[in-house]
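Notes follow once the structure below has been shown.
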Amino acid sequence: MRRIGVFICWCGTNIAATVDIETVIKEAREMPGVVYAGDNKYMCSETGQTQIKGTIVQQKLDRVVIASCSPRMHELTFRKTAAAAGLNPYLVEIANVREHCSWVHKDKDAATVKAVALIRTAVAKAALDTGLEPQEFVVTRRALVIGGGIAGIQAALDIAEAGYAVDLVERTPSIGGRMAQLDKTFPTLDCSACILTPKMVDAAAHPNINLLTYSEVEEVEGYVGNFEVTIRQKARSVDAAKCTGCGLCFEKCPSKVKSEFDEGLALRKAIYVPFPQAVPNIPVIDRDHCRWFSKKKCGVCKKVCPASAVDFEQSDVLIKQKYGAIVVATGFDLIGFEIFGEFGYGKHPDIITSMEFERLVNASGPGGGKLLKPSNQQPPKNVVFVHCVGSRDKSRGKPYCSKICCMYTAKHAVLLKEKHPEAQAYVFYIDVRTAGKDFEEFHRRAVEEYAAVYLRGLVGKVFPSGDKLLVNGVDTLSNQAVEIEADLVVLAAALTPRHDAEGLARMLGIGSDAHNFFVEAHPKLRPVESHTAGLFLAGTCQGPRDIPETVAQAGAAAAKAIALLNKETLLSDPCVSAVDESLCTGCLACLKVCPYKAISDKPLTEKVHGRQRRRLVAEVNKALCQGCGACSAACRPGAMNLLGFSNEQLLAEVDAICL
Amino acid sequence: MSVAAKTQDFEPLIVAFCCNWCSYAGADLAGTGRMSYPANIRVIRVPCSSRVSPNFILRAFQRGADGVVVAGCHPGDCHYVSGNYHARRRFSMLRRFLEFVGIEAERLEVHWISASEGSRFAQVMQDITDKIRVLGPNRKLRDSR
Amino acid sequence: MKEIMQKMRAEAARVLSSGEVDLVLGWEKGDLWWQSYPVFIENEKKAELLTWDLFCVPNLAKYLLEEIWHKKRVALFFKGCDALGFNQLMQDKRVDREKAFIFAVPCSGLVDPQKVERAGLHQGLLRVERLGDELTFVYKDREKKTAAPWFYYDKCLTCRYPNPVVFDFMLGEPVPVNPRERFTAVKELEGQNVDARFQYWQRQFSRCIRCFACRNVCPACSCRECIFDLTSPRWLGKATELSENQFYHITRAFHMAGRCVDCGECARVCPVQIPLTSLNRKLIKDIDELYGPYDAGVDPQKVPPLVTFNPGDPAAFLESKGV
Amino acid sequence: MQEIQKARLPQLWEYLAKKAPLYLPQQEDGVINFAPWQEGARVKLESLNTVLPPKSIVFPQWETYLHFTQKARELKLTPTKEPEGSYILFGVRPCDVAGITVLDRVFLQDPVDVFYESRRRCTIISLACNEPDISCFCSAFGLEPGFAPAADIMLWDGDKFLLWQSLTEKGETLTHSLTDLLEVPTPAETESVQCLRETAATVQEQKWGLDGVKERAKDMFNAPIWDSLYRRCLGCGICTYLCPTCHCFDIGDFSRGERGERFRCWDSCMYKDFTLMASGENPRPTQKERVRQRFMHKLSYFPAQHGLYGCVGCGRCVRKCPVNIDITQVIKEAGGSISCA
């Protein structure tokens, strides 16, 4: 027979006002296995905890039930209390009589009856609790950062500075990401490249950082402290060790392709570095567009290369590496424009995205930053900016606010006026949101000093008329239809996660929301951690944000990773699945439903009627298992059983709760 | 409450299996927000909706539950990545199957309730209690002993 | 059939004498007209015991669980339905394909003794033979001829895979596939109201004596220890109280969801004629409807529908048909 | 000797059902079993054996015999009231009556099973078989298809009427109360039935002789038949549950919180957990030992202990075994003779 102690918390009046504590104590004393039932005004207080500890010792309790607030609140507290009294912390169960009872029911009788039922259920479960011991495992002290934008660079630098090796994986030929494409940054108008490139160089030069550009993560296995990642380093077709970065190859290359870096507004060669400040400054051959690879002709680059670095035979390399922590910083894409036909994007070269505007206004961009109309290379006079293209649009786009558009559009209005003082900016907006340090001031400057005209309303249609663009909109403040003859229309498109973010989330085993932004473990208290231990989030892959926020978050993610790598060993949560090998049939249905690849098969040899028989059984990797229990429900004979939420326990709970 | 007179003195027992990360937290939030719902609801905490085996649901009905709710994270939001997708298949099938053997489908409900949907938790629980009240006690699966 | 039987005996003798296999699983004729039961032949001289007639209904695949692991290789004969069961055992990783030498026996249907009895043809019956689509009932002093499908098992009439989907050697020619609609009974029940359905199943389930024949004969039931036999936790009480019987049948069927090969053996062996096929087929029908057609036992490499998902799956529990 | 016209049977049943619960073979969803008579019942007297033997009435598959409450550390026991015994079993075939006789040996000897004893107070009205099935072999055990000595009343089927004879005092009393319904048969009628009875007995006896089976079976423990017979056995419980003489039971508890009840229920020696011990040991580790046990018990152990065979030749197991494990083959092995029709 068990010796179970039941401790009922008043929580001041929070519980006691609705639940009749005296009745509950009386009932609890009658429950099977219960040898003690007592109460306290505040069980979580010093005196409450002392009472628990004292009673465990005096009454020789072997199980403890606390009737109090939610286990999500104080389960850990009371587990520690029990442990302090020498009881295994996993022999404690919580009956949630506050959030699930006293706070939501007004009728005292009904609430008391329910409280008794909840305690009876917890007692039934506790009776079947087993003491669990966490397992210790060694941490691989190396970090992986996925994504070489400002978030990834910052996180890599911070981790490297703390003394741990970091692999920084970037799928394009150069690190730098979105920030490298930008011209100036709001609200200070300092040059994006000027503040970013030193960091890029730092990252490349850091002895603890290993850059893996033109590379992609292909497979992730393992668990916190021991991830096993396969990275595909795509063939650059240029030997990085030999290349001097002289640039002769792309000077001579005859194949021209639209530049991704310039958002398709300029051309690059088939062998190229995406932008002059690229790190590493080593070209790659875009094999899809290279004449050698498509027609086995040309080979000019190879001929002209003074260092003989061009290597057509190079092939992809698969790198397998173990990591203790992973920072995910994959950044954003812009929403596709197919669904916004009214803006005419793609139908006229002078209808552009804000990102394209960034390139046009950038001194290193197409046209040398003169900001000319793409259609005729003439300076624009009237420029219309449209906010919230795809953002805050439940029906066709995304319901969320992309957060940075208000500010960068104000910046664009300012930059326009600086380049072309005679030009006029018109900004269509829903609301102007300027929450941030110096943001409102910056916006006011755009309006007051740079005379940007802000029109509150939506744009109904943009269509070409001669060499102009007619913009039809509504000014809801004056309640008048507005028609503007524009030279350039700039669309502030919604930020979305990378198009393939969902696949990465699956590979990593992290959650993503309805829009495929990765989900943080807690929106307030764990904003840079994912639900999966050891995986941290930084930058716009988690949601729209600006550069300072991204950098701050990257630093925070790095700090979390450092804290993890700083440990030699980790303790695993012992609430994991366990296999009863005598019951296991080896069908491995469990393996199929496990989201963490924590289950494998293992051969077992046993004696059957005097003969050796070999059979397969399932095996759980305790460090990989996160304790979801999907396997336990999928296992027909009940061989797979989740410790802490075992079949026996849940059955006992069901029986008890139905009394 | 719009409850038929004949079922007035019937107090249904409804067992709710709530996943720890979303629905149980949603229930906590309903508590924190003092959003009242009927005391007929009794919650069993499970790590994930995928932990809930149909056996537990049947057992609840055997032992006198008049209704059972399984509540988990919204599809795509599962703390364990894919648990609720498995649960979705499992309980889609189970509910249709129970109906096939003559059990009112309304006695088994599955809902996606996030940690931030305290008021929805309360509303869902109120609704199912009302429904079961109208449906009357579960006599079909209940053990006669 | 006689020709195939001769081939069976010859092949069995051949594989045993060559040492390719050390056991042949087949069927043997009993004393009474309906008795054709599994036989275990380890000596080529005993190959003459093998029979192939209209009553060779037991599936031999499940015997591999006990027989195969300590044998070099086992030869056995499969009808179409048996082969599906074998593949389900493969799916469940219970048998080793390499250790089974499979003879395929295409099957156009077997005779249900209960139908013979119901037609009053059983008294004094010595044997039943088939020529084409015609049966001959042979008695001491007379014969009676009739159309064969009248006496076939229902499961044979709806059979969709009469030609084995897995084999090493085919005996005879593939037979035409011409199944009748298999969801008729399910649809009929679906059309009733929920209380009528309850009464129907209550009647069926109350008859259950928990002999577990449906489970034990099932090729998809291959657990080492069945959940229904466990004492800790005790899922299923031993009393045949209605609710316990309901638990048994609902759970048994649900464990079959996405795994039942629809061989109909459970319904055949049920001594109290519970229409288990309707339970299994309801689940098959729902899987087909909700997640796309899936035939368990056809391809053991395919992932069964209830241990996988598609993010776009319907949430069928939101359906409300009203009470 | 009396008779009742078949046309008047419904009247008879209605009358009997008023006196006491009346069980007779009825068809439901194509399955014939003993069930309480009520208006409109689909009675199937002509069918030979019901699927379940009448054992299921005198010794139900499960019954509660004890209620308990457990509070804190105190246990209170309340035995269940003894079951009602004044019911009538109508249309029981002679083999099944003999089956009840076998059960009597088990449950009515000291210590008497009070629940069984109470249920055994019933009145048994047996119906003779005119044309036993190919799978019937009651005469193998010295039984007669046309007569059930242990019944209270014996009936013979004369096509349009049933010949009626009471065999016990209980039967006599019941017969007396039925004067309105019963008639005196003509000698021709009596004779025609007598003729049917003799034919049936002769046909059966021709098939069977059981000389020395008991003795031979004793030595069969290590016989080779067990090594082959068990291999095809599925380990299901059909043979035991459908057997009119199998009587093994298990005891279980059902509890809801502090209240609960203790019941007993049929168990089957074919199940592997039948002999499983708490330690994990199983003295009958494979199906071989289980199959052997069942047959040895019927043919050797039971006769040695009680002086009569534990099989009555009803043929249920022969008909229903999914893999045709046939006790007659075992009997042959043990020296019984069979001449196939």
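For reference, chains read A, B, C and D in written order, and residue numbers begin at 1 within each chain.
FYI, contacts are C-beta pairs under 8 Å (C-beta built on N, C-alpha and C of every residue); 3 or more make two chains touch, one makes a residue touch a chain.
Just so you know, these numbers come straight off a predicted model, no measurement behind them.
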More contacts between chains, A-C or A-D: A-C
Centroid comparison with chain B (C-alpha atoms), farthest chain: D
Chain with minimal offset from the mean of all protein Cα atoms: B
Centroid distance [mean C-alpha coordinates] between chain D and chain A, Å: 70
Centroid distance [mean C-alpha coordinates] between chain C and chain A, Å: 50
Between chain C and chain D, centroid-to-centroid distance (C-alpha), Å: 30
Mean-CA-position distance for chain C and chain B (Å): 37
Residues of chain B engaged with two or more neighbouring chains: 55, 59, 63, 76, 82, 86, 90, 143, 145
Chain A, residues touching no fewer than two other chains: 593, 634, 647, 651, 655, 659
Residue numbers of chain C (touch at least two other chains): 227, 235, 241, 306-307
Overall pattern in which the protein chains touch one another (line/ring/star/complete/other): complete
Complex interface listing, chain C residues touching chain B: 186, 189-190, 194-202, 227, 235, 241-244, 246-247, 249-251, 253-254, 257, 279, 282-283, 286-287, 290-291, 305-307, 309-311, 313-321, 323
Touching residues (chain side chain C, partner chain A) in the complex: 69-70, 91-94, 222-227, 230, 232-233, 235, 255, 303-304, 306-308
Residues of chain B touching chain D in the complex: 63, 143, 145
Chain D residues within the chain C interface of the complex: 28-31, 33, 51-52, 61-62, 131, 134-135, 228, 231-232, 234-238, 241-242, 250, 252, 254, 263, 265-268, 271-273, 318, 320, 322-326, 328-329, 338, 340-341
Interfacial residue positions of chain B with respect to chain C in the complex: 54-55, 58-59, 62, 75-76, 82, 85-86, 88-106, 108-110, 135, 140-145
